[in-house]
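Got a structure here, written out as structure tokens. Questions coming.
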Amino acid sequence: MTNTIQTAVVGVTGYAGAELARLLLHHPRLKGAPPAFAGRVDQKDLARGGVPLAEIHPQLAGGFSGQLTMQPFSWNLLADLGVDLLFLATPHEQSREWVPQALARGLRVIDLSGAWRLEEAANRAVYGFEDEGSQQAAEIQTQAVYGLPELHRAQIAGSRLVANPGCYATSVILALKPLVAAGLVDLDHGIVADSKSGVSGAGKSPTAKTHFMYAADNLSAYGVFTHRHTGELLEQIGVDSSEIVFTPHLLPIPRGILSTVYVQFKQAQTHAHVANVYREFFAGSPMVRLHEKGLPQIQYVVRTSYADIGFQLDSSGRRAVIVSCLDNLLKGAASQAVQNMNVMLGWREAEGLE
Amino acid sequence: MTNTIQTAVVGVTGYAGAELARLLLHHPRLKGAPPAFAGRVDQKDLARGGVPLAEIHPQLAGGFSGQLTMQPFSWNLLADLGVDLLFLATPHEQSREWVPQALARGLRVIDLSGAWRLEEAANRAVYGFEDEGSQQAAEIQTQAVYGLPELHRAQIAGSRLVANPGCYATSVILALKPLVAAGLVDLDHGIVADSKSGVSGAGKSPTAKTHFMYAADNLSAYGVFTHRHTGELLEQIGVDSSEIVFTPHLLPIPRGILSTVYVQFKQAQTHAHVANVYREFFAGSPMVRLHEKGLPQIQYVVRTSYADIGFQLDSSGRRAVIVSCLDNLLKGAASQAVQNMNVMLGWREAEGLE
Amino acid sequence: MTNTIQTAVVGVTGYAGAELARLLLHHPRLKGAPPAFAGRVDQKDLARGGVPLAEIHPQLAGGFSGQLTMQPFSWNLLADLGVDLLFLATPHEQSREWVPQALARGLRVIDLSGAWRLEEAANRAVYGFEDEGSQQAAEIQTQAVYGLPELHRAQIAGSRLVANPGCYATSVILALKPLVAAGLVDLDHGIVADSKSGVSGAGKSPTAKTHFMYAADNLSAYGVFTHRHTGELLEQIGVDSSEIVFTPHLLPIPRGILSTVYVQFKQAQTHAHVANVYREFFAGSPMVRLHEKGLPQIQYVVRTSYADIGFQLDSSGRRAVIVSCLDNLLKGAASQAVQNMNVMLGWREAEGLE
Amino acid sequence: MTNTIQTAVVGVTGYAGAELARLLLHHPRLKGAPPAFAGRVDQKDLARGGVPLAEIHPQLAGGFSGQLTMQPFSWNLLADLGVDLLFLATPHEQSREWVPQALARGLRVIDLSGAWRLEEAANRAVYGFEDEGSQQAAEIQTQAVYGLPELHRAQIAGSRLVANPGCYATSVILALKPLVAAGLVDLDHGIVADSKSGVSGAGKSPTAKTHFMYAADNLSAYGVFTHRHTGELLEQIGVDSSEIVFTPHLLPIPRGILSTVYVQFKQAQTHAHVANVYREFFAGSPMVRLHEKGLPQIQYVVRTSYADIGFQLDSSGRRAVIVSCLDNLLKGAASQAVQNMNVMLGWREAEGLE
């Protein structure tokens, strides 16, 4: 098929990388051209021709994917394979280093890290990038599009660099943007976003906090007033840091995010009107499911590519509680990356995500 | 020991009942006078002299408690046993019916249900008590003391009827009362209490929502703007329903509550000052542990009788996030009942709870 | 496509039904002919044209499946829709009643219940079927093929009634049949099959044993020497009840089965030889993944359609521990039903299952 | 009280250490002489007088234990404090090094590691002790008593060095020893012990296998035919390695072990007779609870100091399945250590354990 393009994934060993591999391997437009996988490969594995994907992620074994391997990363490898579109599921600093090189070589990039998401230097400060302030970094930042198709579909379509959003940020922005954009929310009153995420959000490295004995049968708040997804919230929702409080919590489950968002309206609203504001905002957005009755919960979205949103008003119509759910590894990472690929390439936005 | 009194527990088959039994069986002041257990006993069990406690709760088997049984409830039984203090871990309606009778017979009562917690008829409406509006109910309500020793120690000491608080309510009130009482909180700005509870809070009856497949790997909000613990928050904290939003969530863990509470201060505060406000409020309160550095988490309190409280201010000093944790079956139910017993009887408040 | 057939699912509300619906909705050979869903529909839902699938299983909402509904079951409905192949995910007694009617109407049936799995009356006794001993039941039993394609591929292909195996049985039979068929196992020595299953295997009805508080943080053995899957083991492996002990356990996880199987060999074996026996037995069986190094675990198979098998010999070569894993709702139920459909209809066996 | 002795715990930071601290702090015979805690203390903590126990284990904060600290380990410290009895919850090699020194200084020792449990050099080989074969090690080994009071009560009473058993080993030995000792079991037929343990058994170090994402929603077998607790089984039960297979599994729960044990009897037995064999064996053993009806499960024993044992015979009376449960951190470690202390010192065996 002439539409087929060659993709490559760097960083397939992590949780988001595994999901991205799975989605790309089954994507209808990529049949016949499975993604290339590149990463760090040691001598022993080099000798046997790369690391079998089935060893990295046993659940991916079986069918044709069982034959695939991860190869040592090099720009020559990508060139030899004729890679058009590069997915980076790499640490932030790695993406800061590689994205300029990839763009210079004419590759399109979808970067799943936080490296290029933030326009404001003040918001980027939390990452402490080594190249912060360089002209090259500034230029690349201006090319980067924040990869939330529900907000920036048109810019993504023409982009060469998509900065795939943070998982928490996706969850909170989708809940709030429609209401704030419609001018309903009393920002002076302040917004509270109380988010809860499964442990996969903390990454694959074994640490004291990802130990089963720490996470299981527990709940803990962390990053209070300081979590680095806050900058994305401010820039994308268009609010000031004094107008929103965001608190993440670590849930004793493998995956899934639920954000409970509290707003006060400037004036009393009806449920029907608020539903309509959401419905209009998300018209043409296939990956958002609006719950007009009842509230979503994490089980509705886990292992799906959807963000589910529901809300409830108090009897006065002045206050709302909005509940927003998604799978942090899918709509919060890998599925969103595929959705961005679909938009970038002019394919059907939900292709390979249903 | 002359201080020994005879206790009885009705409703020992539930989760809070099991914890209450365990605590009373090991209470140093009740050595030699184990509590009586009464409830519904069928014919077959009657014939063998009651239901062995070890069958109801196998983890309580062993030692002397292995010999105890649950007897069929009757006022004569309590009289024959010389019961002084009755714990009711029964449904709300049952407590509405039995408390007047128990008081009339000269018993002291600690009621773990929601039957007598609320002073305002408007707040009680959510329960729909059958005897609402009767003179008897009104009289008994005036005798009832809300059993949160940290707020009402003196009244509990002299009381004959203690209404043991709700688990969520305990968690939120302890977080907020010191700050509100000190006049720090800007109530116009509104308070958000986002609470998360383990499944034992939903009771022992198997329902669609307590099914493992519903609760596990999940998180869901419920009772938004309508949860019946709201009335306790309003009355005890002393705020209006427009000034606080309370949202409970069902956590995929057996037990424990964590409440994340958001307040705006009237003016900027320092961490030291806020810590001091808490410290003074909880001076003499052995069951509250203040975390001056870091925030508590559910594992710190599960299977303990403590409520743990910590907080963090934003850089402006105008906003605070308070985290309050407890075990819903202990400080949220059974341990609080024992704490109330200790206060009622003039014993050391933390006796049997450490 | 001329190959398209019309399927229907009765019993879509359960866990296996949900997975079956999902698989059929995405099956490449059924594109354009989504399955019909039939079941019990109350008056209120009748009035609005059936129960939306998206309400029964919210995670299936989105895409075209969001439009589908469950209709009230009737033979006329199936006839009107031109149903060729009927999946019954119904209770055993229901399947005993409906299968004869379905066959009489010319439908092909894949029955997920235990109704028609057992050839021996002695083994069926545990179910206590009401029509046991009737001539009709006996005739239908002779037509039924035990739907484990790895053992009975040829008979399934020509069959009109497939009795989809039990989840535990699938797990244990796949581990043992290759070794027993090759004559390696010392049956006099006895086989032990120690199986552990997630809670979805216990069904959707809320009971004391499916309550989160019972299942979570727990493990319990049940049905010792009496579990009704035992008959399937005996008949399919070809052993006597004195030659095998099967003990199921309830795991605190939503889904997945791991069986640890212990055998003694008649004479010492090498790892390579045993691996070869498995490899030959499962040649042409795409849904079994043999682990020649290491042992499978539940996470490898959950939400996949594969059975994973691995084994280890002791240093003497006389004893083996075999570990067999599958997802009880997939290879243990819904995926196996789809695999049987593929075989029945001459399609690629793994179609729609990768 | 003249009976009071001074205890010290080295290795309090681990999971078993925390439980041991909790038990000793509440032990009735140690009131007034809380244990000393010693371990590795860095410069910063030295400067403030040691590490507060409440920081190491926040759930232990509150009451008098909140004042205790962990001090840097030294023999002088122990001498200054007048320590009589030393608990070592340290790694194996550490215990090999320190036990000789402790005994030389006249201390009694209860060692929770595997350092001194095994009489046979062949069984010790799996540990690879550096001092293996030295005369000192051989002499100390002869003094060590295997600390399972149900088997070796008399020797423990007079001992100066108790080797506290492994958690798996305790679970399996208690299930089997009574039957084997009574001569009931057909050893030629072979015994299968299929054990499942919670994650705390894997220790506190964060590793790939203790990561929440690995352990949660999973089950895996490990150490097949090679687990180092096997030697304890052989020596204590008195069987040959060809007569038993032991397979441990990692359960997705924090704590608890359930062992399912399969035996064949030499001749048919009745339930009553087997129950009697257990009852007689465990007469005078307060920490074993025999379930004469039904089988124990993990929830019965978690956070208790008991081992629960039940069994079921098949209809022929020739085969039995025995289920043995305990909390790996309590009867499998810390409680057993306290039980050994009680026996060593002539106190009531269950003191402080109910």
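Chains here go by letter, A, B, C and D, matching the order in which they are written, and residues are numbered from 1 within each.
As a working rule, a residue touches a chain if its C-beta (ideal position, glycine included) is under 8 Å from a C-beta of that chain, and two chains touch if they have at least 3 such contacts.
Predicted model, so just to flag it, every value in this text is computed and none were measured.
Chain pairs A-D and A-B differ in how many C-beta pairs they share in contact, with the greater number at A-B.
Note: the chain lying farthest from subunit D is A, by mean C-alpha position. With centres taken as mean Cα positions, subunit B sits 41 Å from subunit A. Separating the CA-averaged centres of subunit B and subunit D is a span of 36 Å.
Computed centre separation for the pair subunit A/subunit D is 46 angstrom, with centres defined by C-alpha atoms. Within subunit C, residues 214, 216-217, 252-254, 299, 302 each touch two or more of the remaining chains.
Subunit C contributes residues 26, 58-59, 61-63, 217, 286-287, 289, 296, 299-304, 306, 308, 350, 354 to its touches with subunit A in the complex. Remark: subunit B residues 189-190, 192, 194, 196, 214, 216-222, 224-225, 242, 245, 247, 249, 251-254, 256, 258, 260, 262, 264, 295, 297-299, 302, 312-316, 318-319, 321, 323 touch subunit A in the complex. Listing the residues of subunit D that touch subunit A in their complex gives 15, 199-200, 204, 206-208, 210-217, 252-254.
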